[in-house]
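Residue numbering begins at 1 within each chain, and the chains themselves are lettered A, B, C and D in the order written.
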Amino acid sequence: MKSAVIVGVGPENGLGGALCKRAAAEGYFVYVVGRTADRLTAVSQAIESTGGRAKAIVSDVTQENDVVSLFDQVMAQSDGVDAPDFVVYNVGNNRRIDFHDMSLADFETFMQTGPIGAFLVGREVARRLVPLGRGTLIFTGASASLRGKPGFGHFSASKAAVRMISQSMAREYGPKGLHVAHVLVDGGIDGERLRTLNPDAANQRGEDGLLRPAAIADAYWHIHTQHRSAWTQELDLRPFKEQF
Amino acid sequence: MKSAVIVGVGPENGLGGALCKRAAAEGYFVYVVGRTADRLTAVSQAIESTGGRAKAIVSDVTQENDVVSLFDQVMAQSDGVDAPDFVVYNVGNNRRIDFHDMSLADFETFMQTGPIGAFLVGREVARRLVPLGRGTLIFTGASASLRGKPGFGHFSASKAAVRMISQSMAREYGPKGLHVAHVLVDGGIDGERLRTLNPDAANQRGEDGLLRPAAIADAYWHIHTQHRSAWTQELDLRPFKEQF
Amino acid sequence: MKSAVIVGVGPENGLGGALCKRAAAEGYFVYVVGRTADRLTAVSQAIESTGGRAKAIVSDVTQENDVVSLFDQVMAQSDGVDAPDFVVYNVGNNRRIDFHDMSLADFETFMQTGPIGAFLVGREVARRLVPLGRGTLIFTGASASLRGKPGFGHFSASKAAVRMISQSMAREYGPKGLHVAHVLVDGGIDGERLRTLNPDAANQRGEDGLLRPAAIADAYWHIHTQHRSAWTQELDLRPFKEQF
Amino acid sequence: MKSAVIVGVGPENGLGGALCKRAAAEGYFVYVVGRTADRLTAVSQAIESTGGRAKAIVSDVTQENDVVSLFDQVMAQSDGVDAPDFVVYNVGNNRRIDFHDMSLADFETFMQTGPIGAFLVGREVARRLVPLGRGTLIFTGASASLRGKPGFGHFSASKAAVRMISQSMAREYGPKGLHVAHVLVDGGIDGERLRTLNPDAANQRGEDGLLRPAAIADAYWHIHTQHRSAWTQELDLRPFKEQF
C-alpha cells in the first residue's frame, strides 16, 4: 500500500485535511502530521470512517528530533505500508505585523515554520527517498513567495526562502527521480481558519471567490501523477475572480 | 457535444496532435487547425479511426481574415457540436539565428507566429467566449518566455510577448469566466520535428529525457478541468533530468 | 569628440530631450533622433544655445532603411566626431485599449515601435559597435515589461519583447565590450506628454510624485559610466511615493 | 557632518571596506561595523590616514542587543556628526553545502546572517530614520536571491528572504522618505576573501572578470544620490564577461 505524509494539518476542512482525504481516496495510507492532536485525530478518523487508513502523528517540524523521528516512523514500512511517495510541506500561518513594531520572537517564528521546517523536512525526504529513486515533495507557497508587501515582510521572507529550498531541491534531486514542486496559493482558502478570522470573507468574495481546499488538492495530486518526462516545478492557483 | 480548437497542429506525433487526441478521448469534437492540410487530415483521420469526431481546418493564424473565419466556423454549433470551450494557441517554431545576421523578414516571422497570431486568436476567443461566461484558452510558452539568450533574441521576444498577452487576458477575462493560462514548456519535445532536426537528441537525453507530447497534454487538460475556485495561470513542464 | 545617439526624442522637456541634454552636458556630440522635425530641432537648438553640439535627424525607426541610413550617418565620424558610444532606444507610447475592441492595426503599431524598432536599432548597434569593442546601448522599459494588465496587453507584449531583445543582446555582446542595459521606468514621467494627456497628474501625485526626466537621465548616465567589472543589466526607477 | 553605517565589513579590500572608503571620500563620517576588531580598525585607520573620520564598532548583527546598541551609538549625533543617512547591510558569506549533508546548525547560520540580521538592522533603521523622513538603506544581494541551485539551497533561501525584507521595506517606507534598495551582485568580488579561497579565480576570469569593490560601491553611491522622483529599488551588477 502506497503512503502519503501530509505535514502541517490543521482544521479538518483546511488544505492539510483536504490533501489527506485526497490521498486516502486514491488508496494511500496517510500520515496526518501536525502539532495539535485533536485536529489530527479528527482527520484520521474521517479517513477511517470512509474505509481508508491513516495515522495521526504529533510532530513539531521546527524541531530536528521530531522530524527525524517522524521519518523514522513513516519509513518503517510495517503492516503492508510502503515508504511514502507523496509528501507535502504545508506548514505556515500568516498575519499582518507592522515591520517597525515586530518583535524578534515574532520574526523568528516565521523563520521556524518557513525555512527551518522546510529544510528539515526537505533534508529527510532527500535522505530517505532519493535512494529509492522516486517520490514527490510539494511545498505550499503563496503570492508572498514572490513579492514583499508592507506589513508582510516577515511572511514574504519566510515564503521566499521556502521557495528557494524547493527550487534548489528540484534542480538537485529531480534528475535522481524525486519530483520537488512548489505551489503558489494566491487568495483566501475557504476553511475554518479564514472563516474564524474573517467571517465575512466568503460573502465578500462571492461564489467560488475563495479557494476550495479540495480544488487545491486536485492540483497537488496532478503534480504527483505527472509523467516524469513532463514535470511541473511551480504553478499558481487562485480563484477565478481574484485580482492579481 | 463539447468542442475543442487546437491551433498550431503539425506532425501527428507532436504536441498539437497530442492535444487533439486528448480532447477527442475526453469526448470532444476537435477542430484541428494549422497551415498544412495533409498533417491536419492525418490527425483528424486518426481521431475518427478511433471513433472520435474531428474536422481539419487550414488556417494561417497570422492573417486576420483567417482567424475571424475560423471562429465563425467553430461557433456555428451545427450538428450537435457546441461552441468550443477548450482552445489552445500552440503556434510557433524555433531556431537559432545570430542577432547581427538576422534579416528583418526573419524577425518579423517570429512576431507574426508569436504576438500577432496570439493577439488575433486571443481577441476572437474573448469576443466569442466571454459572453458565454466559460471556456479555457491556453498558450504554449517556453523557457525563452522568461529569459533571453544569445542566438535566441527573436524567439524570446516572440514568446515573452505572447506570455504578456496571456497574462493580460487572464487578469481581464478570468473574473468573467474565461480561464486563460500559459504553459512554459522547457526542454525538447519528443516528436517528428525534433527527431528530424536532431536525430540524436532522444539518445543523448536518455529515457524520458524529452517531453512526451501526451504528458504535456495531460497538464493542459488538468488546467482545463480545474475548479474555478483554484485556477492556474502559469505552470512549467520539463523532463525530470533537464538542467534548469 | 565622443557622440551619443538618442532615438525617440519627442517634446524638449520629455525623457528623450533630457537624455540629449545630459549627453551634451557631458561633452558629447548628440544625434537627436525622432519622427517630428520641429521637436528635434528644438532640442538640438537648446543644446547649441548652451555651447554644445547636436544634430537633428528625422528617422522612422520602424523602417529598416531609415535605421541603416541613420547609423551610416552617425558612424561617418566627420568633423572631429567619433563613432557613438552612448545609444538609447527610447521609442514608444502608451494608451489603454480594451483587448476585445483592439484593431490589428493598433496592435501592430505597438509591435513596430516596440520589438521591430528595437531589433533594427539593436542590430545596427551590434554590427557597428561590437567591432569597436566598446559602447553602451540602453532600452527604455516600463513596469509593463514584467507584467500584463487588463487594457494594456498590447503595451505589455511590446515592452516584454523589447526587454528580451535587451537581455539577449546583453548576454551575447557584453563579453565583447558592448554594455546593453534595460531601464524599467515605473510611474508617470513629468513632461509635456503627461501634462497634456492628464493635466491633473502632477497635482494628484504631489511634489516629486512624477519622475523628472533629468533624474531618469542620471541613472542612464550612471549605467553608461560603470566600470566594466560591474555592469548593470537592469534597474527600475520610480517616484519615492509610487505604489508598486 | 553626514554619516554612514556600513554593516558587514571584513577585509579592507573587500566590498565593505570599499563602501566605507567611498562614503569617507564623499565627506561622510563612517561607522565601520563588523565582527572582527582588527579588520574594522584597519579600515577606519585607512580612512583617517587620508584625512577622513571613522569609527570601528564591533557588533554581531545577529544579536538584537548588539543591533539596538549599535543604532543607539550612531544616532547619538555627538561631535558634529549627524544621524546616519547611508546604511548598508552587507553581511553574509557563501559556500557550497550538499543539501542532504547539511547540519541544522549550518543552515541556521545562514538564516542568522541573512534574514535575522537583515530584519534587526532594517527594523532599527525604520525606527530611527523614518521619523527623520530621509536616508538610504541598501542590502547586498546575489544572483542566488532570485534562483536556487544545487548545493546552494541554504544560501539562496537566506538571500531570497533578505530580498523580500528589502522589497517590503521599500514599499512601506519609500513614501515616508526612506530609500530602501537591493543590489544583486552576480559574480566573484575581487578581494582578499576570494583570492584566499580560490587564488586562481582572477587569472581564470581574466582582466576585469571579477567585480572590483570600488566599482560596486559606485553603484551603491549612485542609488544613494538619486533624486527621490526616480528611485531604484533593485539593480544587478556583474562583470562584462560573466555568463548569466
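In this text, a residue touches a chain if its C-beta (ideal position, glycine included) is under 8 Å from a C-beta of that chain, and two chains touch if they have at least 3 such contacts.
Remember, predicted model here, so these are calculated numbers, not experimental data.
Here the chain-to-chain distance from chain A to chain C, counted in touching steps, is 2. Shared contact partners of chain A and chain B do not exist in this assembly. The chain with its C-alpha centre at the largest distance from the centre of chain D is B.
If you average the CA atoms of chain B and of chain D, the two centres end up 46 Å from each other. Averaged Cα coordinates give chain B a centre that lies 34 Å from the centre of chain C. With each centre defined as the average position of its C-alpha atoms, the distance from chain C to chain D rounds to 32 Å.
Multi-chain contact residues of chain A, defined as those touching 2 or more other chains: 171. Of all residues in chain C, those touching chain D in their complex are 171, 174-175, 177, 179, 190, 208-212, 214-216, 218-219, 222, 226-244. Interface of chain C with chain B (complex): residues 64, 99-100, 102, 104, 107-108, 111, 115-116, 119-120, 122-123, 126-127, 130, 144, 147-154, 156-172.
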